Structure formats: structure tokens, C-alpha cells
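Data block below; observations after.
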Amino acid sequence: MQGEILFLCVTVFTAGFAIAIGVIFPALGQGKACSKALEGIARQPEATGPISRTLFVGLALLESLAIYVLVVSLILLFANPLLKYVFK
Amino acid sequence: MQGEILFLCVTVFTAGFAIAIGVIFPALGQGKACSKALEGIARQPEATGPISRTLFVGLALLESLAIYVLVVSLILLFANPLLKYVFK
Amino acid sequence: MQGEILFLCVTVFTAGFAIAIGVIFPALGQGKACSKALEGIARQPEATGPISRTLFVGLALLESLAIYVLVVSLILLFANPLLKYVFK
Amino acid sequence: MQGEILFLCVTVFTAGFAIAIGVIFPALGQGKACSKALEGIARQPEATGPISRTLFVGLALLESLAIYVLVVSLILLFANPLLKYVFK
Amino acid sequence: MQGEILFLCVTVFTAGFAIAIGVIFPALGQGKACSKALEGIARQPEATGPISRTLFVGLALLESLAIYVLVVSLILLFANPLLKYVFK
């Protein structure tokens, strides 16, 4: 039984820390993009339209990076295809 | 029984530290975005409308990153799909 | 049975952390490119067209880098060609 | 059987982390090139043509670096020529 | 059998990480060269011809560095001349 427990421990550890590490840099990127956009709007309020359109595309792509990690985390927990090899 | 205890320890450890690490950088990003927005409003009070709209979208997306980590943490604690393999 | 368990543990660990590490630098790159584009639009709103076209090409290529890592992660989990050697 | 398992573990670990590490610096390079191009277009919108042509060549070459790593990762997983020595 | 397995493990590990590490500095170099060229074109658009010719020679030479690593990786995997000493 010990080997199966080890497998489950590694799975839990990986799922949790992967998402924790995976949001770090998308968060930094979104924070940076956002702060530049706000700076720009403050300097030129009439450019709000193009600035916010561009910002939203960038934020969406950064968000997608974090979602990739979330998808892998949830697969590890809920649909781990390797479980069937451990518990035959 | 020792293996099951190990599994539970790893789960608790992962759930706790994942959310602790996971809020670090969304917090930095929101702090940065927020401080830039306040700077901008202070410089151009008439631009308050577009600045705060843009800020709120950015804060919401940064918030979502932390929520992903929270979801994985809560799943690990309350709906851990791997528990049934440990305690059959 | 222990060797097979080890193989599965390594697979899970690799799939999770590869994607977590793999989004770090595309995220930094997208954040940087995005913030420069917003700066540029704020300085010259009439150049919004060429700036955002150029930005979107760059964001797409950075996104593709993260997708390469995602593909390898998902292959490791769902279509790992080495599994058949472990479980003959 | 232990030696063969070790070989497969090393293969999986290498394939996953090689691609994760391999996209780091192409991503940094693309982010840097992209941000400079956007800076340039913002300063001289009339130079958009030559700037974006030059940028796209650079992005393509940086992309190719990441693709080299992807190719080696996929060879390790799907067409590993050394497997036949392990499983004779 | 253990020694042969070790040899194959080292080969796989080396082939994978060599290409991952080997693209680091060509990528940094290309990113830097590219960003300087774009800076130059933005400052002096009429010098686009000589700047991009010079840039392309530089990018090609940097690319060749990464290709050397790729060649060694592929030789290690597909045409390793040392294999015949291990498997006599």
C-alpha cells in the first residue's frame, strides 16, 4: 500500500504547488500592464478607448497562461489518467 | 495506517502553502495597479471615470488568479477525489 | 510494484511543474510587451493601429511558447508512449 | 526491472523540464524585441513598415530556438532510439 | 545490466538538457541584437537597409550556435558512436 500512498502524495503536492507557482508571473505581468495603462489614461484621458482595448487583449492572454496551469492541476486531481495504473 | 497519515499531512501542507504562495503575486500586482490609479486620479481628477473602470477590470482579473489557487486548496481539503483511494 | 509507482510519480511531478515553470517567462514577456504598447499608445494615440497589430503578433508568438509546454504536459499525462513499456 | 524504470523516469523528467527550461529565454528575447519595436513605432509611426518586418524575422528565429527544444522533447517521448537497447 | 542502463540514462538526460541550456544564450543574444536594431531603425528610418542586413547576418550566426547544440543532441540520440562499446 505504501507505493500507492506515495503516488497520491506526489499528485496532491504537484497539483497544489503547480497552480501556486503558475499564477506568480501572470500576476506580475497583469499588474505591470495594468499600471502602465492607468498611467497612460491619466496622461491622455482621450486615449482611453484604444488603451483599454489593448490592455484587455493583453490581460486575456496572460489570464490564459494561468488557466493552462489550472487545467493541468484539475486534471491531476479529477481525471488523472495514471490512477488506473496504480489501482488496478 | 502510517501511509494514510502521510497522505493527509501532505494534503494539509499543500493546501495551506499553495494558497499562501498563490496570493503573494496577485497582491503585488493589485497593489501596483491600485497605486498607479490613485497617482493618476491625483494628477488628473477629471479622468477618474476611465481610470477607475480600467482599474476594476485589472483588479478583477488579478483577483481571479488568486481564486484559482483558492479553488484548488478547497478542493484538496473538502472534495479531494484521491481520498477514496486512500481510505477504501 | 514500487518501480512502476516511481515512474508514475515522476510523470505527475514533471507534468505539473513543467507547465508551472513554462508559463513564467511567456508571462513576463507578454507583460513587458503589453506595458510598452500601452505606453506607446498613451504617447501617440494616432499610432494605435500599427502598435496593436505589432503587439498582437508578439503576444501570439509568446503564447505559442507556453502552448508547447502545455502540449508536452498533456502528452505526459494522457498519451505517454512510455507507459506501455512499464505496464506490459 | 528497476533499471528500465529508472531509464523511463529519466526520460520523462528530461522531456518535461527540457521544454519548460527551453522556452524561458526565447520568451525573454521575444518580449524584449517586441517591447523595443513598440517603443520605436510609438516614437516614429512612419517607420512601422521596416520595424515590423525586422521584428518578425527576429521573432521567427527566436521561435525556432524553442521549436528545437520541443523537437528533442518529442523525440525523447515518441521516437527514443535508445529504448530498443533497454527493452531488447 | 545496471551499467548499460546508467549509460542510457545519462545520454537521455544530457541530450535533453543540453539543447534546453544551449538555446539560452543564443536567445538572449538574438533578443538583444534585435532590440538594438529596432531602436536604430526607429531613430534613423533611412538606415533600414544596412541595419537589417547587418542584423540578419548576426541572427544567422547566433542561430547557428543553437543548431550546433541541436546537432550534438540528435547525434547523442540517433547516432551515438559510444553505444557499440556499451552493447558489444
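Going by the order they are written in, the chains are A, B, C, D and E; count residues from 1 in each one.
Criterion: a residue touches a chain if its C-beta (ideal position, glycine included) is under 8 Å from a C-beta of that chain, and two chains touch if they have at least 3 such contacts.
Every value quoted in this text rests on a predicted model; they were computed, and no experiment measured them.
Visitor: State which chains count as neighbours of chain D and simultaneously of chain E.
Guide: Neighbours common to chain D and chain E are absent.
Visitor: Between 0 and 180 degrees, and as a multiple of 5, what angle does the rotation take that fits chain A onto chain B by Cα atoms?
Guide: 20
Visitor: Is the contact between chain C and chain D built from the same residue numbers on each copy (over half shared) or from different ones (under half shared)?
Guide: Different: when the shared numbers are divided by all numbers used, the fraction is under half.
Visitor: Can you compute the centre-to-centre distance for chain B and chain C, using the mean CA position of each chain? Integer Å is fine.
Guide: 20
Visitor: Please work out the Cα centroid separation of chain A and chain C, and write it as a whole number of Å.
Guide: Comparing mean C-alpha positions, chain C is 10 Å from chain A.
Visitor: Scan chain A for residues touching two or more other chains and write them down.
Guide: As it turns out, chain A has residues touching two or more other chains at 4, 6, 11, 13, 15, 17, 19, 21, 24-26, 28, 30-33, 35-37, 39, 41, 43, 51, 55, 62, 66, 69, 73, 86.
Visitor: Can you name every chain pair that touches?
Guide: A-B, A-C, C-D, D-E
Visitor: Taking the complex as given, what residues does chain A use to touch chain C?
Guide: Against chain C, chain A makes touches at 3-4, 6-7, 10-11, 13-15, 17-19, 21-22, 24-26, 28-33, 35-37, 39-41, 43-44, 46-47, 50-51, 53-55, 57-58, 61-62, 64-66, 68-69, 71-73, 75-76, 80-82, 85-86.
Visitor: Going by the contact rule set out above, which residues of chain D touch chain C in the complex?
Guide: 1-2, 4-6, 8-9, 11-13, 15-17, 19-21, 23-28, 30-39, 41-43, 45, 48, 51-52, 55-56, 59, 62-63, 66-67, 70, 73-74, 77-78, 83, 86-87
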